[in-house]
Each structure stands twice: as structure tokens, then as C-alpha cells.
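First up is the structure itself, then whatever we jot down about it.
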Amino acid sequence: MSDDPYSPLVRKHFANTAHCGDLAGAVAVNIDEQGIRLRLSATVNMGHIQSLRFRAWGCPHVIAACEWFCSHYEGEPGESLSGFQASDIMCNLSVPVEKTGRILVLEDAVRSLGQRLGGGSAP
Amino acid sequence: MSDDPYSPLVRKHFANTAHCGDLAGAVAVNIDEQGIRLRLSATVNMGHIQSLRFRAWGCPHVIAACEWFCSHYEGEPGESLSGFQASDIMCNLSVPVEKTGRILVLEDAVRSLGQRLGGGSAP
Amino acid sequence: MAQDFIYLDYAASTPVDPRVAECMRDCRESGYANPSSNHIAGRVSRANIERAAEQLAALLNVDPATLIWTSGATESDNLGIAGAARFRSHRGKHLVTLLTEHKAVTDVFRMLEKQGFEVTWLKPEDDGRLDPAAFAAALRKDTQLASIMYVNNEMGVMQDIEAIGSICREHDVLFHVDAAQAVGKVPIDLQALPVDLLSLTAHKFYGPKGIGALYIADRPGCHVEPILFGGGQQQRIRPGTLPADLIAGLGLAAEIAQPRIDTDHDHLKNLRRRLWAGIQGIEGVLVNGNIESGFPGILNVSVEDVEGESLLLELEPICVATGSACNSKSQEPSYVLRALGRSDLLAQSAIRFSMGRPTTEHEVELAARRYREAVARLRDLATAAAP
Amino acid sequence: MAQDFIYLDYAASTPVDPRVAECMRDCRESGYANPSSNHIAGRVSRANIERAAEQLAALLNVDPATLIWTSGATESDNLGIAGAARFRSHRGKHLVTLLTEHKAVTDVFRMLEKQGFEVTWLKPEDDGRLDPAAFAAALRKDTQLASIMYVNNEMGVMQDIEAIGSICREHDVLFHVDAAQAVGKVPIDLQALPVDLLSLTAHKFYGPKGIGALYIADRPGCHVEPILFGGGQQQRIRPGTLPADLIAGLGLAAEIAQPRIDTDHDHLKNLRRRLWAGIQGIEGVLVNGNIESGFPGILNVSVEDVEGESLLLELEPICVATGSACNSKSQEPSYVLRALGRSDLLAQSAIRFSMGRPTTEHEVELAARRYREAVARLRDLATAAAP
């Protein structure tokens, strides 16, 4: 429908959160900002991200964004996280601008996860 | 219909103005007041009104009132005209109150016709 | 119910096009939810409204976002005029309008006068038309808003909206147009026409009653203060649950009208010609307005020595209007015709025939014959009584 | 279109009863004329309106002449409140209302505050009810008008209109009641209830959208100034062509409602009991409002540790509201629930289930199950993220 507030991709990732969860022995970051609570955990193997999981308390866009992030970065080099940009998600998932702040919370979480993995260097 | 501005009797007398016209050798009064123009003519025989005719320029209630008057007073004694009351017409024809003035014009005409016929005495 | 009357009062209201009625029924069945609701059902209603906005926008050649839904032209006129006058009141309080506007316009200006605005009331020429030069002369430094109607509802007189609008633009005066009688009937291209605010109502062009719109141009300085207060619907300009079915009906009525404006116009022109041919021979009959330049759906005639109310009754079952429908209940002669200099006597005898898409040649010919006969009979009734 | 959703948003709007739809269609076919027109066709429209006035008058036990047609409760609230406040402003400028009123009420009072009126905003008890004693304490010598709603649209809370109205009568204060959620659903006898002005809208009781009414008691000192200006329709209180078909629809909806108010009420009570039974076991769930005394068509619940927008999406295709429909588009927690002292976190998780005549036990049971599952899933998604 023309004015569905959720794009098909948001609906898909919200409905199917395969990456929801925690990982044993993983590096994890927790963030609690702007009414959003996030936890990202990652395991690395040979400099590449092996597995990603999330937990989230937030609106559908935040949850879908977490799922999108996890499913896109598994298998990528650890350093790639430092290049993660909220704007990619905004664009791919058609997040309304008024929710920019929330997606920036995810960006913060991803970048600090990158730093914790050791691969990332602060820009 | 509930709010027909014209009662069935008004509709009937307006549609069928059998007494519209003039009478040869009749006594007549003309009146021109309140935007109404009326002419009543009467012939008398042995103190009784033989024939009545009217001419009128006015709204449907005025025209129907003239017709009603003519059809009710033929055959009546000449004096009866002095007893003619606008309120009878208002009531019989269900004339809306805001038209009282117009029917009073007819009352004036009828009364002066009565006086002209000689039978009437001013009340 | 079988129709036992001949309807020649399309300027007062039109029947709903059957396709519009069906569209509204469909909308009500699938889209009964509140269009403000944030769920699937609400989105169905919202989609119906969006489609309608596009349809109406196409008819007027505007952006759908410039359209505000209202309950009809009366509310649109109130919102457009009072809303814009108040919005601009810090710049100046002088307003300009025409004496022959619809009551939904004149009464708003009267109310604004009481609230400290100053109104210049222009008198049209004897044929009802406003001379753009006279309009220009009325503008002042502190003039903020002018309102001039497109097609006059009593006489069909059409104003030169383009010329008047251009003058407004030159003087930075907002220009409101009451187009209740024009939309769907005469071509209106708001990209080309210099109009800032435009009022319309669906029931004058085969849409439903109870729904209208106000166009608000997307130009700097062109805005209205709300006159109703409530939920945040419609950019906070007009609150209330949107009647998605009525709006869809308005939209479809606009879509149906668009391609047939020219053929409708020719049809009406033919009808008016025949009607006029049938009555112009009557002694003492004359046209109110201007038959050459006026909108052909309306023919307003006065006749000497005939009482208007009796004429109307005698014409039954032909449904026509005396003055405009809004004033029909009062017995007073039309203020519009008096503004044109008609005597009270001629004004009170005025009959407005207004024709529409379903009107047939047979109907107007019958109406003309009945009119001739009615005039003759009433004159006969009055003959000797004439002083 | 087949319904692919379960509609539990009857407080936002109801589907039109098929008999009402049919009545409107009939009206449109025979009575499309402008009801102000003084001819046979106009009288058909007028007769339809008169019948509707009698039907609505019977439901409320009033004289049909006390009813003014409007475009909906929003306009009725505006006309009743602003119109009466202005009419009485020479006597005093103090007004009283409730923080938890609908926006169509609160926004009118806010506007009046800007125009020099003084408003006392009462805070209800935590269960949403206004203590009549607190109301009485707010009245002053210069209080002219109070407005208190009958049934709250978000929570179903019912106010003690009789007690509050009696206090108003004692103090010669006009009493306006927004009964948009009550008319056709709870018995209202305006001969017995001390109410001066009452707003209603047809689409909340299976009538059409875009039509409502304002009751104005025939009592000395009880009158409103118009807020729209135009033709002389409706005793000069509200201008504009009357949509006879919509009015007829409203009238029939009232007539249909009258004899079944009790059975409808029992039906809703049963549904709400089942719905609540299905969700009351969830940890951290709580009712907004008062389940014993509230209108049974509405159940509003908040739940701890769940995000409201995600909850709403997870409940799809069950159509429910967050807050009231009018605020659904904004993401802010309901001002009504905050006025009751709910934390932002609890207020934002609030879901309003509202049921109607067509609602089935199966639907509410399904809704309860989906609600339980949704809460469980969203809590699971958030588990370890909880700080």
C-alpha cells in the first residue's frame, strides 16, 4: 500500500529475526540511548566476522536494522565495521528521517563493536 | 408532503380559479396595497349576492383566498360581507402568519365591497 | 421512487453520478476504518483519500498536497477567507469582494468587518460582470485579500478570473475564488490561473453532498489560520475524521468531469438556446446576467407584471429556483439581482433555470411552454386588477 | 474486497450498517435536490431530514428542533464550546474542562485561552474518573461553561454526567458533553440528564462519516454564536447545503441503535471479559481506565518492557489503536494516559482494543492469543538487552 510506514524489507527483517540472540564467548557491546536498548555480539575467526547476534528493545525500524546489519556483516572482515554508516540502513530500509537518531544509535554500537574486535581504528 | 408551504385547499383554489373575471354591471372595488393588487366585483339580487368575481396580482395564498371568498359568499346576504374576517381565511386555508398583512388587504377589499353594496355598515 | 418532477435546479445541487455512488459504496465496505489509524484498515481508507486527491489535483492541475478537505464550499469559503485574512492581518486589514457573491462569502466578510477588518464591496456592471479596472482601482497598500467568484450561482455570470488574479499578483494581494459553480464545468488550470485559494463543493458536479475542498497555493505568504480546532489531521489546518467515502466520491466525480467538460458545455449551450428560444418572445421578459458570456448551464429570467411565488407554483412540477436556493425560503427578492439595479418588482419575478448533464431537449422545451402558459395565466388573473 | 484483517478499532470508526447504506442510497436517488429549495424535489430532501431529526430526537429524548447538523463531533465540539463561550462571554470568561478530553475539545479551549478566556484544566483520578466534588470546587462566580466527555475514547472511562450536570445547573454554568463515544451505545435521556449542549458523530455508531449533530437545549441563556457563516440554513446557526442522505443515514443509525443498546452492551461486556481473561495473566500487564465502571466496548492495556510500535506491528493483521486514532500518526505517548500519571514507558506501550456489534468471540480470543505471543516475542528479542 502506498503509505505503509514499513518498507517490504523492514517487514521482512522484523518478521524474521534469525540473528536475534547471544553468542557464547563473543565480544559484545551494550548501548542504551534515546529510548533504544541494543546489544550486539560477534565472534571473529581469522580477522573475519564469523557470527553476529543482536538483542533490541525498540521500534520495528530498529529491530529490522539490527537484523539487516547482522545478516550483511557475517563473513566480512572485522575492519569493515568501522565503515558502517547509518545512512546505508536509512536508505536500504527506507527509514523515515525522523528516526535518524535511532539508527545513529545502532551506528554507534556497530562502531564500538568494531573497535572492541580490535580491527577498527577510530576515524 | 409534511412541509408543503401550500395546504391542499390553497392548491385547489389556486389551480382552479373559476371566479376569476369581471362582471358586467357589477359593483366593484379595486385595492392596491402591500404589493397586492385586487379587484372584487359583485352583482346583487334581492339583497343576496348573485355573483362574485376577482382579479388579483399576488402570491398563491392571496389568489386562493380570493377564489375561496368568491365561492363561499355567492348566494349569501349582502350584509354578510361586513362580517368577513381575515382570520377565517387564515385558518381555513392554513395561511402562514407572516402573510397576515396580505389577507387583511383582502378583508379591507371585502368590507368596502360590502359597504358599496349598501348592505354593510361600518362596524 | 419514480420522479414526478422535472428537475431544472442543477445549480442548487446535482444527483450523484451512479459510478460515484458505487465507488462510495465500495469504499465504505473496504475502507470504513478511520484514515488516521495506523493499521492496515486505516491505510486502505488513506489510500482511497490519496487517490481522490490525485483525481481532483488532475482536474485543477495542482499538487495533491495543496488540497484541504472540508464539508463543502461554505466551509471552504469560510476557511479560505477568514483564515487567510487573519493569517495576513498583521500586514493590513483591507479586503475586497463583490456584492453579488454567495452568502458563504458575503457573510464571512460581514463577520470580518465586525472583527475590525475593512471591506470594499464592489458593485458589478448591470450584466453582473466586474470590470477588472474597477477592481484594480479598489486595491490599496493595505489590501491583503480579495475574493471574487468564478461563476455566479444565480445568473451564471462569469468573471474574468485571469485578469483579476493578475492584478492581485501585481499588488501582492491574496486571491480567493469561490468556484463552487465552476469546478467540473469550466476548465480550470491553476498552474496558469493566478489564484491562491479556491473553494469547491462536490454536489455541484455530480458528487456527494457534505464534502468539498479548499485549494491553498504553495506560495510564500499564502496560508490560512484554521477555523476549526482538534486533531492533527490535514496539516493541522482542518481537523476531524476524514470521510474517506465522500472524498473518494468527490475524486471520482472530478475524474469523470475532466474529459467531458467541453461536451457538457456544448450540451448545456444547446439546451439554454432552446429554452431561451421558447421564452424570449414573451412580452416583458428579460435575462438577468449576460447570455453571451455567461455559463450556459444557467438561465435567469425576470418578467414584468408577474408575481414570482405564484409563478413558481404555477410552474410545478418543474423544479426551478427563485434567486439562489439558499435564499429561496425567504420571500425577499434576491440581493444579487438588486445589486445589479433590478427593481424589486422585476427581481421578485426572477426564475433561475439550471440545467445539467441529464437534462433533455424535451425537458427544456416543456419548461419553456409551461413558463409561457404560466405567465399568460397569471397575467390573465391580474388583468383588470392592474392599476 | 475480502477483509484480510481483524478489526478491533470500533472506537475510531465503525462500518456503516447495511440498512443505513441502503437508506442513504434511496435518499440520494429520490432526494438529491437541495433541501433549501422551495420546490417538490427540495421538499423530498427536506422530508428525509425531518424524519432523521425525529429519529435522533427519539434516541436522545429531545425535541427535533434542538438538533443542529454538523460535519461531525469535531465541528459540534467547536460550535458548542466556542459558540457558547462567546455567547456568554459578556457574563464571564471562566471555563472548565478535563485534561483527558478529546483534542476536538482541548484544542478549542486552548484557542479560547489565546482569545482571553481563562480555562481550568481538571486532572482526573488515576482511573480516569472525575470526582464531581473536585469539579464543583473548580467552579467560580464567573464560570460560564464546562465541558466533560461522556465516554473517553482512549480508555472507555465514563464520567458521572448526571452529578456533574446537576452541579452546573446549581451554578448556572452551561454544560457541554462530548458524547461522540456514547451516543447509540449508552442510554442518554436528555429530558432527565442536566446537559445543555451535546456533541455526537454518526460514524461511531454505524452511521456515515462526515455528519454529526449538536444538541442545544431550549433553555434561557443556552445558545451558541455561529462559527461558520453563510446562508440562512439551520436557524442561522450552521450554514451550508445539508447532506440529506448523510443525515438520513445518521437518523436511521440512531433508530437502529435505540432498541438494542442493552443487548449491544451485554455483547460487548462478554467480549471484553473474554479478551481480558486472555491477557490478564501476562506479567506486567495493566488496564488503563477502570474495567468495572468503564464502557465495555473499550479495553486499553499497557504492558511493561515492550515497545509500543513494534507491538502494534507484531499484532498485525489485528487492527487496534495506540492511544486514540487522532494521535496515532504521532509517535508520542498519549497525553491522556500521561494525564493519568502513567510513565512514558507504560503509556507508549498502550494498546486500545475496541469492539463493536460485528465482533465475535473468536476474534477477541485470537486477539488475546496474538497479544500474548507478541509480548513474549518482543520481550525475547530484548531480553539480554535489558539493562
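Order of writing sets the labels: A, B, C and D. Residues in every chain begin at 1.
Methods note: a residue touches a chain if its C-beta (ideal position, glycine included) is under 8 Å from a C-beta of that chain, and two chains touch if they have at least 3 such contacts.
Bear in mind the structure is a predicted one, so any value in this text is a computation, not a measurement.
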Checklist outcome for this item: By Cα centroid distance, the chain farthest from subunit C is A
Checklist entry - Counting C-beta pairs in contact, which comes out ahead: B-D or B-C? => result B-C
Next on the checklist: Taking the mean of the C-alpha atoms as each chain's centre, how many Å separate subunit C from subunit D?
Outcome noted: 33
Checklist entry - Between subunit A and subunit B, what's the gap in Å when you average each chain's C-alpha atoms? => result 95
Next on the checklist: Could you work out how far the Cα centre of subunit B sits from that of subunit C, in whole Å?
Outcome noted: 43
Checklist entry - Approximately how many whole Å separate the CA-defined centres of subunit B and subunit D? => result 57
Checklist entry - Residue numbers in subunit D touching 2 or more other chains? => result 38, 40, 44
Checklist entry - Which subunit A residues sit where two or more other chains touch them? => result none
Checklist entry - Which of the chains are touching one another, listed as pairs? => result A-C, A-D, B-C, B-D, C-D
Item to check | Residues of subunit D that touch subunit B when the two form their complex | outcome: 38, 40, 43-44, 46-47, 50
Checklist entry - Can you name the residues of subunit C that touch subunit D in the complex? => result 1, 3-5, 7, 9, 12-16, 21, 25-26, 28-30, 32-34, 36-42, 44, 71-75, 77-78, 102-104, 107-108, 110-111, 201, 203, 208-211, 227-233, 239-246, 312, 316-317, 319-322, 325-330
Checklist entry - Which of the residues in subunit D end up touching subunit A in this complex? => result 305, 307, 309-310, 313, 331, 378, 380-387
Next on the checklist: Which residues of subunit B touch subunit D once you look at their complex with the stated criterion?
Outcome noted: 1-5
Checklist outcome for this item: Note: in the complex, subunit B contacts subunit C through residues 6, 14, 17, 20, 22, 30, 32, 37-39, 54-60, 63, 98
